[in-house]
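Just so it is clear, A, B, C, D, E, F, G and H label the chains in written order, and each chain counts residues from 1 on its own.
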Amino acid sequence: DFAQLDMHRGLRRGFPEVVFGQGKTAEQITQIVNRLSERNERVLVTRLSAEVYAQIREELPDDAVYHQRPRALVINRANLVCRPGILVACAGTADTPVAEEAALTAELMGNQVERLYDVGVAGLHRLLDKLPMLRQARVIVVAAGMEGALASVVSGLVDAPVIAVPTSVGYGASFHGLSALLAMLNSCSSGIAVVNIDNGFGAGAMAAMINRLDER
Amino acid sequence: DFAQLDMHRGLRRGFPEVVFGQGKTAEQITQIVNRLSERNERVLVTRLSAEVYAQIREELPDDAVYHQRPRALVINRANLVCRPGILVACAGTADTPVAEEAALTAELMGNQVERLYDVGVAGLHRLLDKLPMLRQARVIVVAAGMEGALASVVSGLVDAPVIAVPTSVGYGASFHGLSALLAMLNSCSSGIAVVNIDNGFGAGAMAAMINRLDER
Amino acid sequence: DFAQLDMHRGLRRGFPEVVFGQGKTAEQITQIVNRLSERNERVLVTRLSAEVYAQIREELPDDAVYHQRPRALVINRANLVCRPGILVACAGTADTPVAEEAALTAELMGNQVERLYDVGVAGLHRLLDKLPMLRQARVIVVAAGMEGALASVVSGLVDAPVIAVPTSVGYGASFHGLSALLAMLNSCSSGIAVVNIDNGFGAGAMAAMINRLDER
Amino acid sequence: DFAQLDMHRGLRRGFPEVVFGQGKTAEQITQIVNRLSERNERVLVTRLSAEVYAQIREELPDDAVYHQRPRALVINRANLVCRPGILVACAGTADTPVAEEAALTAELMGNQVERLYDVGVAGLHRLLDKLPMLRQARVIVVAAGMEGALASVVSGLVDAPVIAVPTSVGYGASFHGLSALLAMLNSCSSGIAVVNIDNGFGAGAMAAMINRLDER
Amino acid sequence: DFAQLDMHRGLRRGFPEVVFGQGKTAEQITQIVNRLSERNERVLVTRLSAEVYAQIREELPDDAVYHQRPRALVINRANLVCRPGILVACAGTADTPVAEEAALTAELMGNQVERLYDVGVAGLHRLLDKLPMLRQARVIVVAAGMEGALASVVSGLVDAPVIAVPTSVGYGASFHGLSALLAMLNSCSSGIAVVNIDNGFGAGAMAAMINRLDER
Amino acid sequence: DFAQLDMHRGLRRGFPEVVFGQGKTAEQITQIVNRLSERNERVLVTRLSAEVYAQIREELPDDAVYHQRPRALVINRANLVCRPGILVACAGTADTPVAEEAALTAELMGNQVERLYDVGVAGLHRLLDKLPMLRQARVIVVAAGMEGALASVVSGLVDAPVIAVPTSVGYGASFHGLSALLAMLNSCSSGIAVVNIDNGFGAGAMAAMINRLDER
Amino acid sequence: DFAQLDMHRGLRRGFPEVVFGQGKTAEQITQIVNRLSERNERVLVTRLSAEVYAQIREELPDDAVYHQRPRALVINRANLVCRPGILVACAGTADTPVAEEAALTAELMGNQVERLYDVGVAGLHRLLDKLPMLRQARVIVVAAGMEGALASVVSGLVDAPVIAVPTSVGYGASFHGLSALLAMLNSCSSGIAVVNIDNGFGAGAMAAMINRLDER
Amino acid sequence: DFAQLDMHRGLRRGFPEVVFGQGKTAEQITQIVNRLSERNERVLVTRLSAEVYAQIREELPDDAVYHQRPRALVINRANLVCRPGILVACAGTADTPVAEEAALTAELMGNQVERLYDVGVAGLHRLLDKLPMLRQARVIVVAAGMEGALASVVSGLVDAPVIAVPTSVGYGASFHGLSALLAMLNSCSSGIAVVNIDNGFGAGAMAAMINRLDER
């Protein structure tokens, strides 16, 4: 069988198995979503291309919602009381799909999410103007491509942990996100940890996990 | 002047500026430590070589303690009530200096730290035997070199956030920690974020920041 | 002439020359397959795109079978008694095409193949539940992308040799399979050897060669 | 504690835990070797520098033997009946330390090992002259640096599986063994699998595991 | 003006400027070819895609010939007496377009070219059978992808200089020809020099330059 | 909101925010251009694909001009008196789109630009013939792909600062501009500084900033 | 002869040939410095190790001054009236040797240099406090290691051109300065150009060349 | 046995086996040199460190000569009539050890060698002044580090084949010779082929092989 769904992941880890949409056939995704949807109130498929979605939309549960730019399919039947505390920031307009993937994920995991987009370091006042908003956050996700400097700058201003997501926005020597990734890993500010290039989902999930810690 | 010490970092970020010991002269470190020590109850110097320490030990405050393997200099005059919740795990004996840097940092930042060392995936039972200890932790630091698989395996078993530190332990195609770094960034388990290769300090600081969140 | 078929490879190495389907024109493949098929009971073409196959299917021998996802063309007129002993495991559903290439190859080379798919380390119990199956195998092929941790984990549980195939499944810092490749090469478990990224064929062939050793 | 020795590895995997000598202190190695030596007939420490060995030789069991060039410490009190079948070949004289590490490992694991050294492809007749010896082997380890071509050439001549070990022999664009590693991974001959650069131990262990398969 | 044609290159270097077809618009190529063709008996355009050729074929001189697989456009009105001495070999059928680019170039530069294709090291006898042909050549071009071993093996058998062309044939860790490039640069046989990946043109031109040396 | 336009960038830095066209949706670009165009006399969008431009051209201000090969959209209603002093040179015809991006940018920023295209080092006389023109320039932009040698050669001949732009022109081991980038960074001539691969815009902007220095 | 000194470089380029101290023997440096010193009022040797300097100091002209941390040897007999306008900033104390190499070079080339050291982005206020000083500069050199973010942040605040020097300060995934280099090349702020890692000399020389432009 | 000397290499390839000095023990080198010296009039050991040479000089044949900077050991009892035709050029003084290795090799192989050192492109006139010397050469070796531009520039001026040797001279983004290597591989001038970084021996041997072609 092509998929051994990890059915007790919800119990063990607080959220059901998330489906990696890339590299699966349309049939595989349809089957997996339907099986998960029978047993879980929430389903998330990441990196699902618009083409595959178009092919399978009829066969999915009616309440499945597809988000175009972050390429995420979401089913949410849970009656969540959302916790405040997560801020998702990004450096440029081109980083918004990754930032949105993070925000959607964190919301589905039970959080209220503030968004602060297009506040890259080339025009620093856009960020400094929002210091109160930054300082109120309990966990901050920062998505940035190119030189990825926003993560260090934000972290230096606050005492909240920062989850940095390098994006593949850029060209030439950005090497598809490598420049931002290395910059974020080498931050001179502490309190930053990094997820994979373009991994908005991972950043959102990490932020959610951190934000709910005091529930334990 | 060679150093503009960031004297309100303690206020702003919860812990005073940490000194990056590498690439500084003996005189610079002496001066910086003494200046910081006058105004702060806690001082941390990371990546301080044994050679430089030997040269300057007489000129440092009497209560400065040097930890050989993690190469960290610590002054701690604070009367901290330490919070439980942080677990530092590592894959092999050769990873312990990095793990210790993480543990020391988190302790200095006011945490009780559990240690679980040499539990690499080649002998999985060593880890599985400690499931209760793993599941009790609120934040877990995992240090591993070579293929860095321990981070994914630990994360899959718990619902705590994992801070993964790749180490440069290995040879050949480990490329000084690159293999572990890439593995950790590409984890198929969510709830993992990564710091720089051998950056035990960064992992410990991130864990500390997360662990104190509910104080806010 | 564009192809010097190595007609005594079957004698020398136990299996006829395998055709590398990529980078050849439709005409070249047609000619080569037909020439091989005249002198051999078994023919294998790897990495044959669906487009090229569609163009040439009419010109191929009637008993040629095309396997879509592993992109393999197979002719098998041999009356093989298949040997048990090979297990092919993979970490995620997206790795199955590579795993299937390995399985098909090993089958064509005279082996019974057990399949254990989608047992990645994020949900370890899926693997641990199959310990008896793992321990019965004489040779194990493990295909995994992303952080490629499955190879180390499997190897640590058994005393059979593991052939690890990194797959290009992933994105960002997986660098098209590099992360899994490096992880597998740096395994802290011994008894693992690695083939090229996405080289299911090579893994299957190696496993077959090992499994028939006691016939010599 | 810095080391959780995996004491049932011998039972589970057929050989006790092997000690990775690099990155451990002299005290750690001494303690680990002595603990292992109490419970096992065979002990192997790899990548143990001559300097560390010199410091600790007095504290080790009397029957511990240090092999200078492969940097391996061996204790062997087992009364092994060695199986023939393994051939270790290498391309140049500078590759012999890695080849010896493979040979020693395979011998300690109960095999007779044939050696065929300095038969690189620049003088092919040196290899072709030994065809009978090559064809008699059941498993072949090939160690080569620089362009690493020997693995492909050997494999093309035999029907035995080849374990290829790239070595770091070379300079400039060999990038410390990367050229040989890539060459071996991309072999146009099937029946080759690769271990880490300079990992003679891993190659020897894999060969030993394969060679004993028909005992199962 | 977009092109400063180097009109005395023929005088200075023995062959007129060769047009790099990639990255030029259809109009630019048309104009350049027509201007060159007015003043030179021979014109060569390399890396000209079939699409661009289709657009401009009507506007080119009537005697321009397009070679599909090596993507080369050739005009040859010179009455050359061709010198024997060049052999172009390649490892696999997929390398033939690069090998043909080399052969065409050398022919246009006034040489007779022998071809020896698909003689990769996985079936060494195919090469050894042609030793007399190899030994008769004055200069040898060897094109190979994957592990690129053929260049070393050929060079070790002859006393002629070898121009090695790595090709991008392969997948995974061939990294688009990097594996073959590194292998060729690190050859343990002397008398090999290397051109860029897939640069059949450069190899053919170098071979031609060498082969005419005694005319000086 | 997806875009926080940095409306006082013109005041602060001498030129309004430039729009990065890549990775934005057609709607986003339309909105941003229209908002910028209301408040600024000059607007520049870089890396705008012909496809997106075709979709939105009707919705843009009438005086917006699209430059096909450099993929730049320009609005210029300023009545600039242009300063002489900038020379843009490039090595080959295929580098002209990048060179044009630099020239357009510098012109829009108030400069007269001289162009000297297709003067690569393979035919050095083309460059040496223009020495007077080179020596008259106050700032020189040099765009080159492949081995990127033109920047060093030009710089060695003049006493003006050189802004070097590596281009992605090339193939194989040019690694999409990496070869030219590294060459330019490692120039043995001083007075060279480098911008990102294919970043004609950045080079033009830097040249403009330098050329206006004596206005301050 | 081992050195062809470029004796008219001073005339042609405004400053005599600078000696690259690395990789030359003590004798070679002595000879070159003495020959240059006879004909020039200013001599600069870069990257001269303290060891070599100690060997040759007696044989150098009496007015030669060695600067330990930037490893530069300077002779300056010129009666320069220095121009104001250059600011050299750096991110951390460990970057000061590179910053000093830049400052020394610019001074020797006839400039007054302001220094602003240890103002990295982790404590942004240290930089923002100096806005007037930043805005007064005509050209700014920014040296930074680790994530190299300072260059972008500075550039975004001023309208002067920024010469960015990545330094090798850092560890792990800084890859000896690669992270800072890539960050600087991918800056989202325009008006930045980059020199080689640790190339303080190149940055200082470029700044000097720009600062004297209006003298022409 | 650790060395299978290829005793008929002289016959087959025109020069006896050359010894790779790096990575061999003092004893191995002594033995190999003595065995070769008994049967051959010429012996060459490359990359022999001064330390090893000092240990073994007494045990070598009396007529063995060690060349310090190119680290080559040479025995030459042949009565060679040397052929003119080879020119070895290099870019800077720091490249001379590699250039000398090439020159020594070519001389030992029976050639007269012209030397043209320190003629890098930063002072082009040094090269252009020697055009007649360049144009007289039949084969040219060009050694250069940093941006490696000299090879392209020389090649564009002559009709002789150029063997380019990248050197590891440089720092930072030269990545130990990678920048020069890539530049040379991507030359826009044809008639260039490249050997490994710092491989003066390989360049000299290739030049010698080419230069003797008309003897065949």
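Please note the rule applied: a residue touches a chain if its C-beta (ideal position, glycine included) is under 8 Å from a C-beta of that chain, and two chains touch if they have at least 3 such contacts.
None of the values given here were measured: they were computed from a predicted structure.
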item	value
Required steps from chain D to chain H (each step between touching chains, minimum)	1
Any chain that touches chain H and chain C	D, E
Superposition rotation for chain C onto chain F, Cα-based, multiple of 5°	180
Chain located farthest away, centre of chain F as origin (C-alpha)	D
Proportion of interface numbers common to chain A and chain F (over half same, under half different)	different
Centre-of-Cα separation between chain G and chain D, whole angstrom	49
Whole-Å gap separating chain A and chain D, where each centre is the average of the chain's CA atoms	45
Separation of chain A from chain H, taking each centre as the mean of its C-alpha atoms, in whole Å	55
Junction residues of chain F, two or more chains touched	20, 92, 122-123, 156-157, 172-174, 178, 181, 185-186, 188, 196-197
Listing of all chain pairs that touch each other, if any do	A-B, A-C, A-F, A-G, B-C, B-D, B-G, C-D, C-E, D-E, D-H, E-F, E-H, F-G, F-H, G-H
Chain C to chain A touching residues, read off their complex	69, 92-94, 96, 117-119, 122-123, 125-126, 169, 171-174
Residues of chain C that touch chain B when the two form their complex	91-92, 120-124, 146-149, 152-153, 155-157, 170, 172-175, 178-180, 182-189
Touch list for chain B against partner chain A, complex	12-14, 18, 20, 138-139, 156-161, 163, 181, 185-186, 188, 190-197, 201-203, 205-206, 209-211, 213-214, 216
Residues on chain H engaged by chain D in the complex (per definition of touch)	1-4, 6, 8-9, 17, 20, 22-25, 28, 32, 47, 166, 168, 176-178, 181, 196-199
